[in-house]
Amino acid sequence: MIALIPLFPLLGFVINASLGRRLPKAISGGVAMAVMVASFAVSVMSVWDLAALPAAERTIEQTVYTWIASGDFILDLTLRLDPLAAVMILVVTGVGALIHIYSTAYMHDEVDSEFARYFSYLNLFAAFMLVLVLGANFLVLFVGWEGVGLCSYLLIGFWFRKKAAADAGKKAFVVNRIGDYAFVLGMLLLLVRFGTLDFQRLASIVAAIPPENGVFGALSIATLLLFIGATGKSAQIPLYTWLPDAMEGPTPVSALIHAATMVTAGVYMIGRNAVLFGHAPETMLIVAIVGALTALMAGTIGLVQNDIKRVLAYSTVSQLGLMFVAMGMGAFGAGIFHLYTHAFFKALLFLGSGAVIHALHGEQDIRNMGGLKRYLPVTYWTFLIGSLAIAGVPGLAGFFSKDEILYETFRAGHWILWTMAAITSFLTATYMFRLVFLTFHGERRRDPGSGIRDPGSDLMPQMSRHSGSPIPDPGSRVPSHDVHDHAAHDSHLHDAPPAMALALIVLAVGSAVAGYVGVPHALGGHNALAEWLAPSFQPPTTVASAPVAGGLQASGEEALAENAGLELTLMTVSSAIAIVGIAVAAFVWLRRRELADALAARFAGAYRLLLNKYYVDELYDATVVEPIRLGSQEGLWRGIDVGVIDGAVNGTAALVGAGSGALRRLQTGSVRAYAGSMFIGVVVILGYYLWR
Amino acid sequence: MPETLVFYVLSGVAIATSALVIGQRNPMYSVLLLVASFGALAGLYIQLDAPFVAVAQIIIYAGAVMVLFLFVVMLLNAPREDAAEWDRTHPLRQPAFARFGGLLALVLVLQLAWALLSATGVDAPVASRAGSEVVGSVRALGRTLFTDYVFAFEATSILILVAMVGAVVLARREGDQS
Amino acid sequence: MIPLGHYLIVSAILFAIGAAGVFLRRNLITILLSIEIMLNAVNLSFVAFGRQLGSFDGQIITFFVIAVAAAEAAVGLAIVIGLYRHRESLNPDAFTLLKW
Amino acid sequence: MLNSGFDAVVPMLCVTLAALAVMGAEAFRGKDESMPLGGLGIVGIIGAAIASVLLWNRNASSFGVIVADNFGLFVTLVLLIVGVLTIMFSSPVLRRDGFPKGDYYALVLFAVTGMIMMAVANDLLVVFIALEILSIAVYVLTGIRRDDPRATEAAFKYFLLGAFSSAFFLYGIAFTYGLAGSTRLDRIGTYVAAQSMSDNPLLLVALGLLLVGFAFKISAVPFHMWTPDAYEGAPAVVTGFMSTGVKAAAFAAFTRVFLSSFEPFSGEWAPIVWLLAAATMILGTVVGVAQSNLKRMLAYSSIAHGGYLLVGLVAANQVGKAAILFYLLAYAVTNLAAFGVIALLGTKDAANDELRDYAGLWQTRPSLAALMTVCLLSLGGLPPTAGFIGKWYIFSAAVSAGYYGLAVIGVLTSVVSVFFYLRVVVMMYMSDRQAATAPPPVPTVGMAALVVSVGVIFWLGILPTPVLDFAAESIATIF
Amino acid sequence: MLLTLSWLLPVAGALLLLFIGNADGRRDGPIRWFSLVVTVATFVVTLVVWAGFDAGSSEFQFVERYPWIPAFGIDYYLGVDGISLLLVVLTSFLSPIALLSSWGSIERKVKEFSIFMLALEAAMIGVFLSLDLFLFYVFWDAMLVPMYFLIGIWGYDQRIYAAIKFMLYTMTGSVLMLVAILGLAYLHSAATGTYSFDLLKLYALDIAPQTQMWFFLAFTVAFAIKVPLFPFHTWLQDAHVQAPTAGSVILAGVLLKMGTYGLLRFSFPLFPEAAGYFAPALAVLAVIGIVYGALVAMVQPDMKKLVAYSSVSHLGFVVLGICAMNIQGVEGAVYQMLAHGVSTGGLFLVVGMLSERRHTRLISEFGGLKAVVPRLTTAFMIITLASIGLPGLNGFIGEFLIMLGAFRWDPRFVVVAGLGVILSAVYMLWMFQRVYYGPVTHEENVTLRDLLPRELAAVVPLCAMAFVMGIFPTLFLRPMEASVNALVQRVQETQTLRAANEMQNARFKMQTVQRPMR
């Protein structure tokens, strides 16, 4: 049954990949959408079945077949649906389906074969993502983990003629590989240490041993390695640099992969192994700190970016950071909750930005936008809702989840982290509304104006996606994404076409109401989501026993009593933060535009630092990439391989040759010399016998 | 004692003439000196109760072989050594090589002498053993030659045949083959 | 009577002289002569040994050696003549077409 | 005539008679009347072969100095094969270069006689005479192309050094005779066995001098100097003949003398032979690398092969002796075939034995190129050829005698040797022909001889069992 | 009889061709078809063997044994176990593909080419089949000759240098092995009185540790050169780059495996104690090779060179797994051999197709081909992903099992070896991107034609194999299970030195659970 969930998209992939190049757009797109919807339906049904079960044994397991069997290592390809997975598959299939629908309109200008290729990739991604979340053991998860990485590589580089896109794709894959390296090591360590890769078995084994408080034992090492893998997948320090570049991909891709689903895999993975991480407090602290740092850093960068998608990308990074803070605090429920809500509004925001770009024919620089509110009403209002949600304005989805994270952090006593998180949410509100105001409000701006160009980005407005292809070939019929003269168009900018509008509206509704599944007790809710998820964060069959560190004490009645007050206070604080952030944004970018430039000029150094993303990419290039490349080329290849090793080989040959050349000279041709050598031989032999 | 004296004289002559043979630039003289050395050797043979060998030595060697040499020397009216110009320029002309060869020869002599002196039984006078009275009788010698050594004898005939053929093949004038 | 060793030493000296001749002389004829000297030296040893052992073998072997020497001399001289035909010289060092 | 006291000499008698018949026929034939002289020789050789097969296992001996034991007979058969192949390769060459046919064949047959005599001789004197017979015959054959100064020079060098070395050899015989009181190998053996190891300097001197004599004939370093010049100067067929026949005969006598009579002294001579073998293998292969003349290159390679044979001698065990026999056969056939190819490629006025003359031979004479390749691979000791089995046999002898060092030197040098064999292959297959003139057409007789030898090479390489057993049987009777 | 058939069939084909006159190349077509049919028939034969193979037993099966050189206890002795079976199938699977790939590129001397290819296949199959060391060595060396000609005659410009280097380099190793083989046989005769080259008898032989060391080194150097292990690898890129496509495919696909197979079949089981002593050193070399090969591959301007160096890296994994000498390690190693055969063979195939179209192998000469040759691009993509070990494709299983096995042995090696996983992605994807992505930069590339049906027929089986091996690894793991078990048992129970070894790095090891890992 649940095997069908990933199988449907896979089917779609097979169809589109094999004969898609001959199908008209309608069919290939239709197939892609159909399989996603089907998969969504199946997911809903299976979650329904799951919900029917009593909370204690809420798992549906299906072993497809034995994948690897080698000696005492036997690994089944098992899928397991549990509350956590349930949330994830709903998000993946639901949001995924919407984005497929959206894409049919967004990608409509591609030629048939490219169109089909796009959707085949998208389906494949969905399939792998579902395998990732449904996998019952690390290796199956890893299959999905790598698979989604591959799809993101393919989709980022979808417009392969554009060097920037291709580079970004490769960068994404390689950076992820670095994470995967650690991830694999972590897996192996767990496997060798505990003898299994199955999440439930691991959980029950680990639950039996005491947490590694203060010691950094095998479990801590393993979890840390896994977390490094997560930083790769979920774009955390130090491996976050690929995500902003990944914006080279088509916008729906950014929405689905780089906002809603794939990038959250790291968070999901930690949630999935809540017990393991719970038993490695040292690692947990590291997770939280890294998350907080990432959140803050990304937020600051997002404040000054001028590319609409990049702003969103950095906001994604920072939101992911918040999720990791929650995970690090042991507030797994909160983390997953934020993941869930984030999926809605971040997807919404990206799709919205996509609508804007679509309308502006590829324009992405917010300095060249403005005043779009009256041209693109649907886009505007949905975008606004999304921004409010992410800013954490009370009543909307983001409010509840982010607030719960802040609360858990504070309650765990890490007030420094709390402060960082709070600042982050303030920044979030600010840069999001900077985006909103610059894009939709004010008056229409044509030319880039006097703003500082963003040197780090390949997304100069005037660069067309298909630039650099000197010769026409079937794939490169120039679509209307290219930059045309705005003057020609901005009179009749068309709003999102129905397919896109539908996706936007649905997601907007989601962003508005999704939070209500997790209304905290303090507000009289009963935090349904947390309760639903609870079993997933505890060793199997021990639901009744002591909850995992920080698991969800909020659910205990007595805990509730003393915490309600605190929670409410924090809520007001955080709402205030959001409001203030929006206000600041409004003040600076709506009332007094010049102030922004003044600030930029005033703190030019800081501004440039932020604009160039703290020069991290440059740092990596200078310290890692170039040394390795040069070292390999000049040192290893030219030096050692050709010079030393092969030199030794050929040197031996040369030596023999030289010896030959020298020895043959003994053959002088003079017969007396020959007799001489014989005579010497005689004398020597006799000498040997007589003087021996 | 006379025979000791005779021995030393003869061997002295043999050695001296042989040394002169190779110390001689003119091949003609060399051949003649060699004949003399052979004569001395023949004397030693007689002293060793091998008259027949001595005779053979004189007749075959000094008589036949050396005459053959003489013929060739005259036929080619062999020039004195290093007459030709290239000879002076030849790397092997400098005497170092010759000295080296002489040195080796000296070493060889020393080795052999040392081996002989350190060997047992060679200081015993010759013919100290029994049966010395029959030694030298030609009949007995012939009998042995054609009984024990008959195969070697036949083989030698083949050898000489081969040498003949070879000499003919090699020395025949150009053009008149077969 | 003269000890066997004396004869042997004489023959050794002769042998060495012959061997040295191969190096000292640069005249093919003389070199052939040197080889004859070596063979004769060996003959002396044979006869001496035979005398010592009181058997004919030494003398008989000497005959064969003489025969061999004659044969070698014949062929050798033929070759020398052939060489002389090709190049008006008897110097062994003149013939170094074949080397290395 | 078998079963009489003469039967042991029958094989060489047949060959001798054939030689005499050839001479007679040559003498009495008309000016331009052609006679199958080669056929005559082959008939005699076949008779000899039959005789030796009949003599098998009878351990016959004649005159007390000839012992036709299986060892000798095996070598005899090898020598007869060499003779047949030589005659087959020669016949077209003779016609082409206008050698004196009668003399040539007679000399070849006499040489074979001498070789056989050397192989079955049981008396140092006979060994010496046989040595002289074959040497003189080969000297003459070397210089048989009288109009070619190189050939004459080669003959002269070969002759001079040969005479020089045989003087030493004879001196060694003299000492041996003086000590042992006889030149019969068996009596020498009994005498030597009675001696204690090292308190007899004269015997050691004798040993050393005999060693020198043999070392010269098998062209072991440093007594090898004559080999490249003689081999390069001589006509290719003659080179093939002497590089195989002389070596085989010399090794037969060498093995017989040192492994029967001087067996007790193996502790004395083994180290020297060890050094000779090592030096020979190394120098032969290393210097071969730099050669550009095919005959000279193969000359060095045959020096190296002498080294491998010496390894078998050093091992001095049953395996080693059998290995020597087998290797002699394999090497004889292969090397002879290789030189046969060279001979067939030459013309009257051009020897065509430079490496560059073989460029692109594949295009013009594919069959010749293929056959040559097989020979070269066999010389290099690659399976599935006779050379491989031979090398393997030799080295297993060395290893089972504990001489790992020699074995390692041997295999490494054989790798080096593969390099220069491959150079020829490269020329034939991988570079284009620059000489405009196509090589001469291949005569049938020569082709037949080549095909036969290559067939033998593969046979020995793939199904060596019968011959291996044969060899083992041969050494079983004596020693 | 089947085994004999499997190597005799190509030989027979070659001999038959030998007598077909084809001077003017008139019969090229028929000859091509004929040789293809022969190889396919061989493949079928090996499949039949597989079908009849009893996966349950670790014994050698289909054993054929006839005395060959009785005097030395040399037998014609063939047999397959789980390990050799798969390698034989791989060989016969790749041979037709290689032949097919040559149809376009080999125009001159087609007959000789086919003859050499068939001879090569025969020799390779023989190497994997023979259970008699002498027979093994015969095949081992005989294999050099046809490969030498393939490289030397039909190769690229530097072909002669490469061919001779290949021949001499590999021979140098193998002759030392020959000495060791002879030594073994002698030891056997010293122990039992009779010579024997019978592998199983020699397994039973107990050898003094000191001797083991030397023999192990002799064997291992030979195999290490073939693999090629890190310092012995420089013949590889020359041979690979200069060989014609078919040659590279076979070279990468099968020949290199003969080295690792040799380690597995001979070095380790014959000299367990020495193996235990040297295993860490070997593993160090292997790990160096993994990283080093990857780093050097990364900066190659020449596609074939790049792939060649990647082989060094991949086979480093194999050796690492063998050194681990536990069930996962060894099974992973064997699996990786197969996987590498498929994926790297495929890489050379597609690279060859590319270079035949443009007559250059320089990456810089290409770019943007995705738009021009979509099919070729897809094939290339799949094989690339397979070789960088993406889960679901063949490369992953082997690498993971090897890392698992090595981790249970000594985690430090895995920590370094894992870097290879990262780097493989770097160099492969970088090449892929430079060749296929971006704008079409060279006018000549605009008109490149996509895969022909014939080429498709060559590529598709490989891609399909990549998927099958990635998704259903048990198909291949089960047959080898018993044999690998037996092997590991044999090696470990006799390893006394190994114990000391364990002591030495005990603190880095963690105790492993005994119950099955699920």
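Each chain gets a letter, A, B, C, D and E, in the order it is written, and its residues are counted from 1.
Just so we're on the same page, a contact is a pair of C-beta atoms (placed from the backbone, for glycine too) under 8 Å apart; a residue touches a chain by one contact, two chains touch by 3 or more.
Just so we're clear, the structure is a prediction, and the values are computed from it rather than from any experiment.
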Check: If you check the contacts of subunit D and subunit E, which chains show up for both?
Finding: A
Notebook entry, point to check: Which chains make contact with subunit A and with subunit D at once?
Noted result: B, C, E
Next item on the list: From the Cα centroids, identify the chain that ends up most central relative to all protein Cα atoms.
Entry: E
Item checked: Chain of greatest Cα-centre distance to subunit D -> A
Check: Higher C-beta contact count, A-C or C-D?
Finding: C-D
Note to self: Report the chain whose CA-based centre is farthest from the CA-based centre of subunit B.
What the structure shows: A
Next item on the list: Please work out the Cα centroid separation of subunit B and subunit C, and write it as a whole number of Å.
Entry: 5
Check: With chain centres defined as C-alpha means, what is the inter-centre distance between subunit C and subunit E in Å?
Finding: 65
Next item on the list: State, to the nearest whole Å, the distance from the C-alpha centre of subunit A to the C-alpha centre of subunit B.
Entry: 103
Margin query: Please tell me the distance, in whole Å, between the geometric centres of subunit A and subunit E computed from their C-alpha atoms.
Written below: 38
Check: So which stretches of subunit E touch two or more other chains?
Finding: 168
Next item on the list: For subunit B, jot down the residues that touch at least 2 other chains.
Entry: 92, 97, 100-101, 104, 108, 111-112, 114-116, 119, 122, 148-149, 152, 156, 159, 162-163, 166, 170
Note to self: Could you pull out the residues of subunit C that touch at least 2 other chains?
What the structure shows: 15, 18-19, 22-23, 26, 32, 48, 50, 52-53, 55, 57-58, 64, 68, 71-72, 75, 79-80, 82, 92-93, 95, 97-99
Check: Quick one: which chain pairs are touching?
Finding: A-B, A-C, A-D, A-E, B-C, B-D, C-D, D-E
Margin query: Under the definition above, what is the set of subunit D residues touching subunit E in their complex?
Written below: 377, 382-384, 388, 392, 395-396, 399-400, 404, 407-408, 411-412, 414-415, 418-419, 422, 425-426, 429-431, 464-465, 468-469, 472
Next item on the list: Note which residues of subunit C are touching subunit D in the complex, please.
Entry: 15, 18-19, 22, 28, 31-32, 35, 38-39, 41-42, 45-46, 48-50, 52-53, 55, 57-58, 61, 64-65, 68, 71-72, 75-76, 79-80, 82-83, 85-87, 92, 95, 97-99
Next item on the list: Show which residues of subunit D lie in contact with subunit A when the two form their complex.
Entry: 156-157, 160-161, 164-165, 168, 198, 201, 204-205, 207-209, 211-212, 215-216, 222-223, 225-226, 228-229, 268, 272, 283, 286-291, 416, 419
Notebook entry, point to check: Once bound in the complex, which stretches of subunit C touch subunit B?
Noted result: 1-10, 12-27, 29-30, 32-34, 36-37, 40, 43-44, 47-48, 50-60, 62-64, 66-75, 77-82, 84, 89-91, 93-94
Next item on the list: Would you mind writing out the residues of subunit E in touch with subunit A in their complex?
Entry: 165, 168-169, 231, 233-235, 292, 295-296, 298-300, 326-328, 331-332, 368, 370-372, 374, 385, 390-392, 397, 400-401, 403-404, 407-408, 411, 414-415, 418-419, 421-422, 425-426, 429-430, 433, 436-441, 443, 446, 473-474, 477-478, 481, 484-485, 510, 512-518
